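This structure is in structure tokens; I'll ask about it shortly.
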Amino acid sequence: VHNTKKHSKEIHHFNPNNAKSALEILNEFEKTKVFGGGSLGKAFKILVQAKEEGAKVFFSFAGALIPGGMKEVINEGIKSGLFDCIVTTGANCTHDLIEAFGKPHLTEIDYKNDQELRDLGIDRVYDSFVSAEGFPTLEDNMKILIDEWWEEKNLDGVLHSTSHEFMGWIGDKIGDKHSFIKTARDHNVPIYVPVIADSVLGLQIWLRSQFKKIIIDEMRDLSSIQDLFHNSPKTCAFMAGGGVPKNYMLQSSLMSDKEYQYGVQITMDRVETGGLSGATLEEAVSWGKFTWEAPKSTVYADVTIILPLIVTAWKEYKLNKSI
Amino acid sequence: VHNTKKHSKEIHHFNPNNAKSALEILNEFEKTKVFGGGSLGKAFKILVQAKEEGAKVFFSFAGALIPGGMKEVINEGIKSGLFDCIVTTGANCTHDLIEAFGKPHLTEIDYKNDQELRDLGIDRVYDSFVSAEGFPTLEDNMKILIDEWWEEKNLDGVLHSTSHEFMGWIGDKIGDKHSFIKTARDHNVPIYVPVIADSVLGLQIWLRSQFKKIIIDEMRDLSSIQDLFHNSPKTCAFMAGGGVPKNYMLQSSLMSDKEYQYGVQITMDRVETGGLSGATLEEAVSWGKFTWEAPKSTVYADVTIILPLIVTAWKEYKLNKSI
Amino acid sequence: VHNTKKHSKEIHHFNPNNAKSALEILNEFEKTKVFGGGSLGKAFKILVQAKEEGAKVFFSFAGALIPGGMKEVINEGIKSGLFDCIVTTGANCTHDLIEAFGKPHLTEIDYKNDQELRDLGIDRVYDSFVSAEGFPTLEDNMKILIDEWWEEKNLDGVLHSTSHEFMGWIGDKIGDKHSFIKTARDHNVPIYVPVIADSVLGLQIWLRSQFKKIIIDEMRDLSSIQDLFHNSPKTCAFMAGGGVPKNYMLQSSLMSDKEYQYGVQITMDRVETGGLSGATLEEAVSWGKFTWEAPKSTVYADVTIILPLIVTAWKEYKLNKSI
Amino acid sequence: VHNTKKHSKEIHHFNPNNAKSALEILNEFEKTKVFGGGSLGKAFKILVQAKEEGAKVFFSFAGALIPGGMKEVINEGIKSGLFDCIVTTGANCTHDLIEAFGKPHLTEIDYKNDQELRDLGIDRVYDSFVSAEGFPTLEDNMKILIDEWWEEKNLDGVLHSTSHEFMGWIGDKIGDKHSFIKTARDHNVPIYVPVIADSVLGLQIWLRSQFKKIIIDEMRDLSSIQDLFHNSPKTCAFMAGGGVPKNYMLQSSLMSDKEYQYGVQITMDRVETGGLSGATLEEAVSWGKFTWEAPKSTVYADVTIILPLIVTAWKEYKLNKSI
């Protein structure tokens, strides 16, 4: 008689009575093993294991996480040492700076249609909004800052820089301690923006570049993140959403003789359309981006629900350890 | 100058430092207001409000929640008084009974392909499995129970019953206190299975019906749930997944002069394909299923992640209140 | 040197110049082999193969296909001999009957919100609408028809029937040749509605059952579809959407010593949530619903786009053959 | 009595008998108006209208369309005058060049797991594969070409270029008439790659940049696409997938006093997660990317199914007109 139990484990049903805190919740998910809850628990376990084993966590995030209320989650991820490197979009940096310059995102705006918003100068990001003062304030501040940056850093009239250098410089200049750009800078976590030109922030640089020579050098950014990867004995890729940030972060291993040794992604994208955003972490093994043995978990869920759970549990874990 | 702030609220960024328990986590989500996290927070708030205002919560769940590790979550939802009525699939009842008869679901089975599982008699539900003993055990037990039920309840040789009566009867008979069918019975929460024939449990009834006359009367089930709806001064519809359970539960209001006054759904289905499973709760207003004023929230996420959070927070809320 | 070509095939890029008709379009998709387009081409090829090899095609459809403009596609699928058996929802039958009684679905309605629609008596299904006359007309007609049905079929005051018998009877009574219920009847294609109670049509039966004894017997429906499956030497399962229709149709093989030998499904549901609707056809092999060798294809796409392509190409294929 | 018909239109059911060609299929979808099929028909109608009214069509595509068998579809879209400007990913250019250098993508590879593929040097893109010779061949060819490019274009030892200039230059150099890079060049359709560094092709440039000074200037690319937008009296945005290509293409209007006047997108991304990829075209109105009056349609479906239908129908439309 074939004893199926020999090769298997009984599932555990999530027990609310064992879930008194974020850390306990994620541990309880981990015990279920199965379905979406199980994959979330496994994802958290992998991140803890990665950090415990000395890995550097490379964190990418795409999608409008700043308008989506995730700024303090990212800040806490930085401050608690979960993230060692960040790859994101120009849009998220843009929205962070708008808040840093005193113009918070809004919600619960009653509007007839998007033309009315257009007339009011309000920009919509699903159910979050940039107020009419948001972009003008960004423009005013960035004009001054970019000029200052150029003055400081130009060489013979040419400012030849990279996205991560610019993010670092900006992080030093702005005063708002709630900015994730500043928080990252204060904790020596570099921010790569693979295509800063693809954002309103990039358009501000472009505007100034009509008057002063400014070059954002993609190639030097590549060298930098590849070096960072190469110099980290162990590495974990943690992806919140797909797109360029995911691909760019993972390809940092391609020129190396190493692969990422831990992998976690949160995505709503589908596998079956064949795009990179929804691709499994197993597929990435064929490309040499992860080792086959690397523990991996993909959570198919909304980042704005999952990321707060993971960061909150991680903070609790760290605190428990330090006691 | 147009003051957009007058008509709006600043978004709140989720703060891990304020999220020390499930209840605090959901409150923190509620404060963000926006995106997926905000909709989850709102969903929880609506459920609390519904219960505080005396509403009966009608809870439907589709999808393989029992193989997915959600049994104790459902049990706690019943025991803590969150659910007043349950509508679900025959499959979930089937899987609950398999466990009640001592055959837990398994996971971490290493298999070559589904033909190998077939050869071993193991049935797969994504990454959860029914062992080779699962269905034979169900069949053995149900044969006895269905015959006993027939003996007890037949009238002149015909057993004329309904799904909710059968679920109640079964709940009395089985001994496993972890069964949600039993838990619901013990707490007087009726379980409606709109199409018990669509399950292995239904096939067992069908098998016995070849020897003894058994009728599961859909019309009497309809009368019962409509009466329950009609007799509840206030009602809240809480849907975990779509399909028949969602539609059946919502249509219980169609023959009434009332509508559901609170609405929460968790789904991964899309709005744009036009199906009922992904339909918005606003659309349901046009059908007279909800009042326009009813607070409503749809969480687009995996039920096996969201339901544990909600039930755990609800238990904590109840406990806090009772102190 | 490992020659990867030995074990593989070069992909073919879809060539618009070879795609002069629906049939050629699907053949061209079939040649690409990969991604969504390839899976669609494969799905069509499997259906043609199934019919050529004498298989009976069991066709299930969930989701609001009648309000979604798919009625003639289903009619042509019946008339051209593609479908041999239909499993669907009570809602689709409801909407078919509303049109058969002269009240077409509407679109391009300008409305402020769903409360306004409610006030006007208009019911919304995404961007399709039932006019204010739709349901009253259904009710008036069904009252008469159900009473007539009861008169004809009751035995000692009890009408003891099944969903497929009722659908057949109704198909004979209504005059509108565009009704899929009538078309199916005229072509001897049985329609199973596993839970007719879960629809407005079911509510009409329920209403009449308050005055006359009417029983819709799920168990006898089960016997019927199982016999149909058992008596078909070869069978193909073709599923448009998931839910109860998918599960019910596939489980018709469970009590048999045979499995479906061909499988095609169109769905937007996800695999990873573990629900039956999104489950792969490979998983179904573990349950004995398909043979391992059965050609299978899942198309992850909107049914209202894919089904017309398949039926149109199938008609062309049939026409070509007959010339 | 409220006459709902006054404000509405009866839906049309898709009729396979009217759908004898790709063009007729899309016209038939257009007539249905509702659900996914209706949105596809509307999308095609908008593209035809845009071209008839003299608009330039800006076409973005993300996702692995070249490994997915869509190369000839894109070629025909260029040759038939549908696309006037292309924005895409470095990955699609990489895969196009691999094929141009004689190494087609493969499929139907039987493999045990991704580690086996890794060992064989085969890279997987869902069910499409790059053979072991693919990337080495790319590297060999690109080394020579990039050096040649540098020799031709450097100024005082510095090659200061942009993605669209590089794509144009490469298009002139390669001989394979099936390459979409070459086809675009031959038809004067510029290709923008907002972040060429984010691809294996970009890594090849980076490699050579270790020996020769090469700068890919994001700012000059921005100037170019903004000029192209500004100089086109009428513009239509046609997006296959989201990500950076979508955002970059749409933001080309931000520095202008004009908006896109027609909009079509094909996507599987969700609206509710708040990301740009799934954002509606209506939301883009608030940003000034589209006029409110612009006809717009979003098709929620797999690009590898929808794009071939649209391009094939467009070719037929053009041919019909020219007769």
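We just call them A, B, C and D in the order they show up, numbering each chain from 1.
In this text, a residue touches a chain if its C-beta (ideal position, glycine included) is under 8 Å from a C-beta of that chain, and two chains touch if they have at least 3 such contacts.
Note that the structure is a prediction, hence the values are computed from the model and not measured.
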| remark: In terms of CA centroids, furthest away from subunit A sits chain C
| query | For the chain pairs A-C and A-B, which is connected through the larger number of C-beta pairs in contact? | reply | A-B
| task | Measure off the straight-line distance from the CA centroid of subunit B to the CA centroid of subunit C, and report it in whole Å. | result | 26
| field | For subunit A paired with subunit C, centre-to-centre distance based on mean C-alpha positions, whole Å | value | 43
| request: Could you tell me the distance, in whole angstrom, between the mean C-alpha positions of subunit A and subunit B? | output: 35
| note | Shared-interface residues of subunit B (touching two or more other chains) are 34-36, 64, 67-68, 122, 126-128, 270-274, 300, 302-304
| request: Sort the chain contact graph into one of these: line, ring, star, complete or other. | output: complete
| note | Listed in rising order, the residues of subunit D that touch subunit C in the complex are 2, 4-5, 7-17, 19-22, 25, 28-29, 32-38, 40, 64, 67-73, 76, 104-110, 120-122, 126-129, 131-133, 178, 299-306, 308-309, 311-312, 315-316
| remark: subunit A partner, complex, touching residues on subunit D are 62-64, 67-68, 89, 91, 113-115, 117-118, 122-128, 160, 194-200, 202-203, 205-207, 209, 214-219, 221-223, 241-244, 247-248, 251, 254-255, 268-277, 279, 282-288, 292, 302-304
| request: Would you mind writing out the residues of subunit A in touch with subunit C in their complex? | output: 34-36, 39, 270-274, 298, 300
